[in-house]
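A, B, C, D, E and F label the chains in the order they appear, each numbered from 1.
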Amino acid sequence: MPFVRIDWFPGRTVEQKRESVEVLTREICRIGKCEPDSVGIIFTDVDKEDWGCAGKLFADG
Amino acid sequence: MPFVRIDWFPGRTVEQKRESVEVLTREICRIGKCEPDSVGIIFTDVDKEDWGCAGKLFADG
Amino acid sequence: MPFVRIDWFPGRTVEQKRESVEVLTREICRIGKCEPDSVGIIFTDVDKEDWGCAGKLFADG
Amino acid sequence: MPFVRIDWFPGRTVEQKRESVEVLTREICRIGKCEPDSVGIIFTDVDKEDWGCAGKLFADG
Amino acid sequence: MPFVRIDWFPGRTVEQKRESVEVLTREICRIGKCEPDSVGIIFTDVDKEDWGCAGKLFADG
Amino acid sequence: MPFVRIDWFPGRTVEQKRESVEVLTREICRIGKCEPDSVGIIFTDVDKEDWGCAGKLFADG
């Protein structure tokens, strides 16, 4: 533990995911007092036509 | 808040997703007494070979 | 299917949950063309000190 | 109920998913004392570039 | 990987959870060809007033 | 977007959650090129008797 899930729009590069895993693991462990070995992170790409906010799809701006 | 996730089979059109976001946001806010600005909704398509019920894949009918 | 999850702040009554299940099931089935028998919905109460937005906990207003 | 989600790397065959649904449903019902009719299971394929552990993406070995 | 989540009604004992973790890990690894060291499982208790199916709360029978 | 979920053991203080929301929002936006206003984060406490790894509950050490 901890276990982290991040939903975001498609388009992040592998390098951005790599840095996210490094930095988020380090910061969560520093703040939450836990061991990096145990931190799992899953990224999920969500298309703008599958994500809505305030009653509107992001695809509709 | 609230935050809503809906898993369903692939095949819903953008228009169906658009109406779902509009209607579900409106109804959740009406019933739950919350503001539409804060309602997020994510749809996830799940293939029938990735979804099982009662010990069987939906892909197997 | 579909399967729905709703995270919201604590405080919704059983009556509000009951109406939410009725209405959301009906509307999802109407819009998404699916059968009510197959719709599952789970509500999760999330405290304001466990939910953040825009860099701040909701507990901090 | 129960409702089960399994995230794993891509590559599992339909046959592996079929057997997983059969066996996990049976075992969860046996151990947890519940009815198979009510057990739902969703599988999600997660690419190695979308999954990190211990500060590194699985894609980076 | 894999990562497993199980939502069920409250009432499972620690012994039932212990056996579930043992058996599900073993069966998932056998069927999915993965290593037990990497299998994570989280159980979540969901009250019957927070779970609906077919338009009705389980709390309402 | 993005939307983040973090499961961890109980025991984190409000101050640790506050700092986590601040820092994770900032770092995700810096790396992923997104706006802080849109970042949601939910923390979930998971008891050691509800979390297993490698076939054993964390409660069993």
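The definition used in the following text is that a contact is a pair of C-beta atoms (placed from the backbone, for glycine too) under 8 Å apart; a residue touches a chain by one contact, two chains touch by 3 or more.
Note that this is a predicted model, so its numbers are computed, not measured.
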Neighbouring chains shared between chain C and chain F, ordered by label: B, E
Chain B-chain F separation of Cα centroids, rounded to whole Å: 24
Centre-to-centre distance between chain D and chain A (centres being mean Cα positions), rounded to whole Å: 20
Touching two or more other chains - residues of chain E: 3, 7, 20, 40, 42, 46, 51
Topology of the chain contact graph, where touching chains are joined (line, ring, star, complete, other): other
Pairwise chain contacts, counting only pairs that touch as defined: A-B, A-D, A-E, A-F, B-C, B-D, B-F, C-D, C-E, C-F, D-E, E-F
In the complex with chain E, residue positions of chain C that touch it: 14, 17-18, 20-22, 25-26, 36-45
Contact footprint of chain F on chain B as seen in their complex: 3, 40, 42
Contact set on chain F toward chain E in their complex: 7, 46, 49-57, 59-60
Chain E partner contacts - residues on chain D that touch it in the complex: 1-9, 12, 16, 19-20, 23-24, 27-28, 31-34, 46, 51, 58
